[in-house]
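Here's the structure, in structure tokens; my notes come after.
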């Protein structure tokens, strides 16, 4: 049995770039053929305008296909993204799932405090880490051994797999466009707040005051760490392929247009 | 620990009926206000026309909300339906999953023969049934005990749940319209073929000949039995709420328009 | 020939209420059956939490069907909303379009200044109003007369309609859920900005400061007035049917979750 | 003023090929890395299996972006395709629409007989062609002249355009994947029936018998000729880029999987 602590993301293919997004945008004023003549500043200005004003459709005229390896509990969350994301995943009905299991590594916060919707996650003790590893590994081992026994007995794969745990690895191809990518990143990465209410610390301030911080999310999200690990790897590729779009996305508070 | 062998489906709310579908259809010829005067035969004829000619949009002007209890491996398949289906599911990040597990009952085919894409499922022996129950139950027991231990140690729910198996029960609300319902039923129920190639048995027939059988699917599908159990319960409710639409769907080979 | 200056919106049917949204939300913590016992304050608090944190899916478990009469140029914009909106529209291929035409009324801003993306609309002079009415009416008259002539000659409706103008009225049924409703309202109503940069008026302020104003849009949009007329009528119905959801939507800057 | 009788379709960019579709398919059995070693016959067999069994998702892992020029009445129909198609179109709010108008050419059927849902289109007489051209051109001329007058008077573009006809040309960028392409082609091309009921001509045959014809549509559709002109041009490009997928689509009765 193999224990891994990663989410693997590999770019398989892609179409388009910031220029194609601009061409799709500029067809609205019949100037899509003029994009090649635009200066770098103009390009940034136009894409920033789209982002700021939430004109999202031009960001759909491009595509990226990734191969992702992650435990099932990550795919469970991922596949809830219905719009502009296409999936094909390894099937436990058609193939024997390999004995790869996800195990939180030593950096992973293990302890949760607070109540639903406001959880705070903290590092566990060394003892907690050891216990978690032992308890998960034991359950995984029994599950996989019993799975193998059933398969050897000729039991249908779709039945035998019922005892497999949600931390077993699966693999998928996912295709998405920059707009659905930005929506995914907004919801599946956890960035420090973009706006801070200055009035909260100062009772003399009558109305709420917000201070903008660069680089954070206007609408912070609290994804599970493991799907965030996949999102972070995709974000890196996205930033390389669409540098202007990515920068404007970050500069505008990581709000998907 | 509880072992169940069912998928529970409860209708929570619904909107519309065959008449609302007809009104949406008849706006195309500015006669939506005349639907109340239509005879039963006219209604059947119009809805049959829509179904036969794959005019699908009128079937979107209605809605049904269900509460479903099923094991995770069923929801994994269900949530791949992205169009016209809305979901909210119990979260193992926010709540302790109860110790309910799915167990195939004695009628469930256990043995698989043939190759991928062409599997045939057959009943298992009494011995196989006993072994499957024992092996699944053992793995489930270890998994849930270890899950409980981690929760008691203060481990975050989202971490502790990693060892839980895909046959643990979850619950969801799902809302869909008649069009997405028919698409779901077409893919998630297994009905005998609607068309049989008469030429296959008779080499003298030059071109393929198809014989239509009432009640079956023109494009047969081979879903896993457990999601089919949910689909069958939804189909029953759907047939009660939209009797003309349902009958025309069946009469036209269970092809979603 | 009839000239109208309205967009007609009629509620045909609906499903669900704030309580159904809450039930869909509370299934995540296995408490969906307890919603009936929640106090009014709890309900508001929960829905506000969803809105603030952009948890959008619970708002999909409800539905509204409307009948809308509007000129074609309004439907052209409306039908670009692809997600969670279903349409059936009067067809100029199947029926003779009635001779109803949209004409801007005397309150409608007629003059545009500024450049693309930053237009400002202002009232026209009396003379401009008269001229616009005359010029549109003349073109409409010629178009409809020629349309009628072609139809009388036996020309196919789908050909004869080619000369009809985009201000001729059509009708449609549209079905949407509260989430797609809020998205539509955010993009198709023009509300004064929700955040004002206090630093812009005060050079001494190093970082930008934003002051929140109740009732406006955090991301203001600049729709054409005529689709906004339809959106405003839908907003009124939406507020009546889902009062808590609507209030939280407004209180959170009209950002669709 | 220019009169045109075409729909222009230009491929701007694309991603993927039959091989990428196969890789996405083969991840289900953990063999996506082996696609390069597959023989041509194996590739055809696998894609045919997907098509025949309506396994549609692998066909979403590829993309094509087109620039299309067509009259507004064509875009009105096109934009009703919501799933897997992305659009950006020339805006009459932001730019002056050029004076290009669609005019049916001499091959275009002009006359319609039969009733709604069962129309038959036939060529018009020479006289009818002349009259249609004259009547459409006259209405177009008045509309465009009045449009220009309003623009010159400083009237907002979004108001002035109200009198423009639906046969004026617009332009758009459209991005879609092979699955949405096949759905579009199925609905927007008119192909002779794929199945003919042999029993209809022979009362002695008890049950209906269907004879399959290669190359036609199992579910024939009756699109307006002008959108079909666009679809035919896209079909040609699609067949070049994805030859196996395209052949299997045609061989399986043009049913989108």
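For clarity, chains are labelled A, B, C and D in written order, and residue numbers in each chain start from 1.
The definition used in the following text is that a contact is a pair of C-beta atoms (placed from the backbone, for glycine too) under 8 Å apart; a residue touches a chain by one contact, two chains touch by 3 or more.
All values reported here derive from a predicted model rather than from experimental measurement.
Of the two interfaces, A-D and A-C, the higher number of touching C-beta pairs belongs to A-D. Mean C-alpha position of chain C lies 28 Å from that of chain D.
Look at where the CA atoms of chain A average out and do the same for chain D: the two points lie 34 Å apart. Measuring from the averaged C-alpha position of chain A to that of chain C gives a distance of 31 Å. Multi-chain contact residues, meaning those touching two or more other chains, occur in chain B at positions 29, 57, 80, 83, 87, 94-95, 116-117.
Chain-to-chain contact here is organised exhaustively, every possible pair of chains being in touch. Looking at the complex, you find that chain B touches chain D at residues 29, 49, 53-54, 57, 80, 83, 116-117, 187, 195, 198, 207-212, 219, 221, 255.
Across the interface of their complex, chain C is touched by residues 12-16, 20, 23-25, 27-30, 32, 57-58, 60-63, 65, 67, 86-91, 94-95, 98, 171-173, 175, 177 of chain B.
Every residue of chain B that touches chain A in the complex is listed here, in rising order: 71-73, 75-76, 79-80, 82-83, 87, 92-95, 102, 104, 108-112, 116-117, 119, 121, 124, 128, 131-132, 135-136, 138-140, 142-143, 146-147, 149-150, 153-167, 224.
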